[in-house]
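In what comes next, subunit A is part of two complexes: it sits with subunit B in the first one and with subunit C in the second one.
For the complex of A and B:
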């Protein structure tokens, strides 16, 4: 009996028929996408210049700290405060790069853990015996510690300056915080210069390739570093009550919105591949998603860019000082959280679906 | 009546013996592989919480004794392999393996279920009637066994293939080439083909259609002696291809080995001869002599023929009907997954999802969101996020946990978004339904929001 033969002929006929009917088949001729373009854009035009600018900003911050501790005055304090703000804003552009040595030494954990532990800082200052690189001091260092030291010791600038005039150990602590930050940033940048070549060339779709790691890190940062830390936790999304003391830049008071906006635009810039130093955009996630074009009825890049705009508008509604916003009308904080959460859904569900990224944490068989 | 005459037909006992031997060997290897990958620790000991099958909530990992369970499973598969105390060994294997499988449904795999099914059937078959230690102990072996004993394994394998083919007859698989398109395109880093062939649109459709026809036709190719060689070559090519492209563990090996059962009795006689020769040479080298005369009996006779027959008959009927239970649920099966498991639906969906649980205190309407990583491993979280029964079970776990903590009954809501086969994500669960008030049952879960799209198919 020729049962099987017939089946085969039928099968090939059906297949041939199917292909010849389908006219969409040939519209995607450009089938190779050079993913290293994304990585080199991130590396050359975003990460490296952002690191460099961050280093410069820390350098001037350090100078202003020296100026202040050698000659404590309100003028010098105000000056120091503004270079702290500038540096903190640049930091928003690099916190997401949890790659290479930054991941190994937990760079973000050394730079920006808040709320800062005031009691620990004061104990350190009293004892004058501390190692800020030691992880016991994880919440007594970095930008939040400086925030407390230059904005939070007392109500007025005059009173704060008095602390530094009266007791040298405050100056020492402030200097150590900044020099530890510079020390670690130095390490990261040195390593990055060596590592960036490997970074650009590691485009595989594997758990350890830099493309996948960077995308996973970006999403992780957006979800935890931005959404949860800056908005969710202070607004009480993860606790029974709001925790206004957990806002970023708590002691400076009027800066939490500015920092959140900066972080949001840094995230968008990364997504659209905008150069750090100019408005030029190159290959990044948005163009990659457009290339993949997994589903014809939606344009995910456009949706995400609109969601960024919505989140930014919502964020702009808020008080400059999130503490005030939370205590007067927390509803607006929750709405902002929802707007940012939309982006998390787009990144974690839709974008990961389109990219079919090998997720780095699941190691098991499938079928 | 053809039935009685069919059931009186006999075939060589070698077929079952070969199957038993390699099945045991493969299972030994599987257990060792699972252990050395550190999965016992990672999947069964580290998580604080385990997702149970409905009705099997009493089956949980048993701490460090879980390792003992795997040792038992290993020893029983060794004994199955060599045919030592076969009946007892295969029962213990079936029980220990099924227990392991039932401990946490996060790790559900169709081929684990297949192993449970095969080992269940093997309990009733005289697979130790030839080439076994039991032959030496009892001083007798059998030349022939009833033909249906071999055919029932073929039938089981045939069901797996054909049901897998039926499941592929849907518009996502055939007309959108989903999810193969997403999966294959993401293998762009493969040598030579990654950025060329694997990015060709026609390839995804070709693979989807050939995959469907392959599953549909392979049992027939294997059963027909004239096409068997072609069939077997196709089996090897297909499963090796899937092995290269997808992380599917032992599945390809199990299916390749299982198709050997379709070969002729003569072929199996030769394998046994070869194995006996090999064994004799080894024994000779080790200077071991077996002075055991084995009485060769022609035909194996069942002790409880009727009971065995009825049990296996019911089992096969169950296998035929159970996968169709999804007809009892409204809506799209690939979306709500009610009646999805235990039905040979293999590689049909690519889902990404996000589920955030909101705990509400009804007294003052305060709420907070749960950080899933406080309770679940990343693997569990991934599996939970798009499967309603997982979501419900987890919601109850959270409800119990926070009710106890707050000393009053909380409400549990979920914000859940799922993307299926490249579609834009949509909300999956009604966000205003207190899941803590819903109970698991076989009834339709009406709090699942239907898919805003249509997938046509069987």
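For the complex of A and C:
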């Protein structure tokens, strides 16, 4: 038996086999990207400054609530309304960070569940007995509850002000809603400051690593919080008929588009790693995808950025007031949904595949 | 499979190679190495499935799979939806017996049928429901139901004319009801569902890697007892069910599309699978059925490379069926007009073509806006009353070229 000859044949075969094997696995082999760059950019330049600005905005909102309840007037109400809008817009940059304590206490569930339950709010006001941190009140608190309390009690500002002049329990409820929001935001920020170091240092690719969790949270937010809640549900995608009462900012009426645009741009900023306080961009998902160079002829990052642009253009076509848009021409809402849905597919299928990250949630929509 | 694990396997291979080398058992080594190679080369990079099963995947003779002696194949939900679709189609042809509200209820809620289904399913929520489908499509189906009852039903037995809905009679004596454009709505509706329900659910949902893989734990068969299936097995079966799941045994009939590769009963894709298999492309039914069997066997074996290859074969061929029929109906219409026969002779076929074109947006060939453009071209001006031979032929060409048929 010619030993060497056999050895060479085997060696050759195995080499060929491995060679052919490796071409299938380039995604994994080339992945030496320093994930901590992304994590520290997210933490230092996006999450932390956004949390800070959000806290400041709530602080101002609270001041304006105090001003209003101590001296209810149309001027104070209008003033309060604009700080509500500002804070609500900053919130659009926060909601996706369902990490750390925010996930544990369901922060987003304490801040932005809509449509709000008007009957429950009115019962609470009447009974003057409520714990807004209790999840029984999940849809009677946060931004949507304030929306009802400052825009929805009556048709005109004058009439709304009368509620607060006539009955102290409205003021108490409004103050409670805002102070509960501040209390929870305080908790989240304190926790984040402690947790952010661990967040940056968790650079593995496992289900519990920071990047994997944050990307999953981001996609989940984009799919549910943005696509479904802001557009899909009110446009009737998940029901037999449109549900205009389910728009975000229903009582303010002309704010739904502004909030959706803000959320879309927050998502884009996160994807490209744009600092919260400036136009500087650092490492993020787009640079990671570019590094992996997913496929020679298609650049996924570029596709996603174009899809963001298309979604923004489509969204811009809509009426500021989504209720009017839905009742006059719901087709435009559906087209907006389509444009946003393309991003969902790019994120959930193409991007996750390129990054070799598993999705950590599945839709239960089988038969 | 994770990066680390892959390298460990390679290292282990080298170590083992050395040991066996010393023992002079070269051929054994080769077999061992090769089996390791197959394991490490599995495309299933992301998942930790049981890798002991890797052997050649063999499909059974028929689509039957068991765990510990009991069948794991289940697609009753699909059977139910396909039966409901048939009932809705029948209701659209008997508008004197129903109202739009009743048919919308059947479509969207899955209730209000003569037969009382207890599956808890409906057709509407799975119409243009995949992640790649346009949200603008589902309302078209609701609108078709409304239009049929509001616009066509009142003129059901009046003679239709340009811009006026009613009944047409062909030169061979067949009668159909059309809208003012000459479009027979029940045909557009049911042929549209071939794409929006059946093809979309099979090829853009159940047979996609992202659906089948889910969170990476969908094919975990640990702890399953006789007759229980993994999620991945079930998703594949549900895809299978949309093509072959129709029967009418719930109302005492004998139709059953599972008994052969192309039985052709019912009103949806299986019917045209048979037609295309009988004429345009003999053998296509075997190709599709074999791919369904092999893909399902591959799932049981944990071989996702083979699974995804079968998914691709199925997708490619199902999409082709839709293209064949769209082209056939367009060309058929053009030929009839050219022969000098009355316009009305083309309406039934062109309406079917309209539905198949609507379906084309669920194939890999055309987007939602491509399809909308084609449909508006068909309905332009007076619709089928003044569509030209050239327009029909040119559209047929576009489709045939895109589909490579």
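Observations
We adopt the following convention: the second predicted complex is superposed on the first by the 328 of 367 C-alpha atoms of A that agree within 3 Å, B and C clash if a C-alpha of one lies under 4 Å from a C-alpha of the other, contacts with A are read in each partner's own complex, and residues count from 1 in each chain.
The rule we apply is simple: contacts are C-beta pairs under 8 Å (C-beta built on N, C-alpha and C of every residue); 3 or more make two chains touch, one makes a residue touch a chain.
Please read these numbers as outputs of a predicted model, since none were measured by experiment.
By the touch criterion defined above, A:345 reaches both subunit B and subunit C. With both structures placed on the common chain, the touch criterion links A:205 to subunit B and to subunit C.
In the superposed pair of complexes, A:235 makes contact with subunit C only, with no contact to subunit B.
When the two complexes are overlaid on their common chain A, residue A:335 makes contact with subunit C while staying clear of subunit B. Once the two complexes are overlaid on the shared chain, A:354 sits against subunit B while remaining clear of subunit C.
Taking subunit A as the reference, the larger set of touched residues comes from B, when subunit B and subunit C are compared. Using the contact criterion defined above for the overlaid structures, shared-chain residue A:298 touches subunit B, although it does not reach subunit C.
On subunit A, the surface touched by subunit B in one complex and the surface touched by subunit C in the other have residues 3, 7, 14, 18, 25, 28, 31, 205, 232, 237, 240, 341, 344-345, 348-349, 353, 356, 358-359, 361-362, 366-367 in common. For subunit C in complex with subunit A, the touching residues are 2-3, 6, 10, 13, 17, 21, 24, 26, 29-30, 33-34, 37, 40-41, 43, 45-47, 75-78, 104, 108-109, 121, 124, 131-132, 134-136, 139, 208, 210, 214-216, 218, 231, 234-235, 238, 368.
Listing the residues of subunit B that touch subunit A in their complex gives 37, 39, 42-43, 107, 109-111, 181-183, 185-189, 195-196, 199-202, 205-206, 209-210, 213, 217, 220-221, 224, 227, 246-251, 346-347, 350-354, 356, 361, 366, 368-371, 378-379, 382, 415, 417-419, 422-425. Per the touch definition, subunit A reaches subunit C in the complex via residues 3, 6-7, 10, 13-14, 17-18, 20-21, 24-25, 27-29, 31, 205, 232, 235, 237, 240, 330-331, 334-335, 337-338, 341, 344-345, 348-349, 353, 356, 358-362, 366-367. By the touch criterion given at the top, residues 3-4, 7, 11, 14-15, 18-19, 22, 25-26, 28, 31-33, 35, 203-206, 209, 232, 236-241, 292, 294-295, 297-298, 300, 303, 341, 344-346, 348-350, 352-359, 361-367 of subunit A touch subunit B in their complex.
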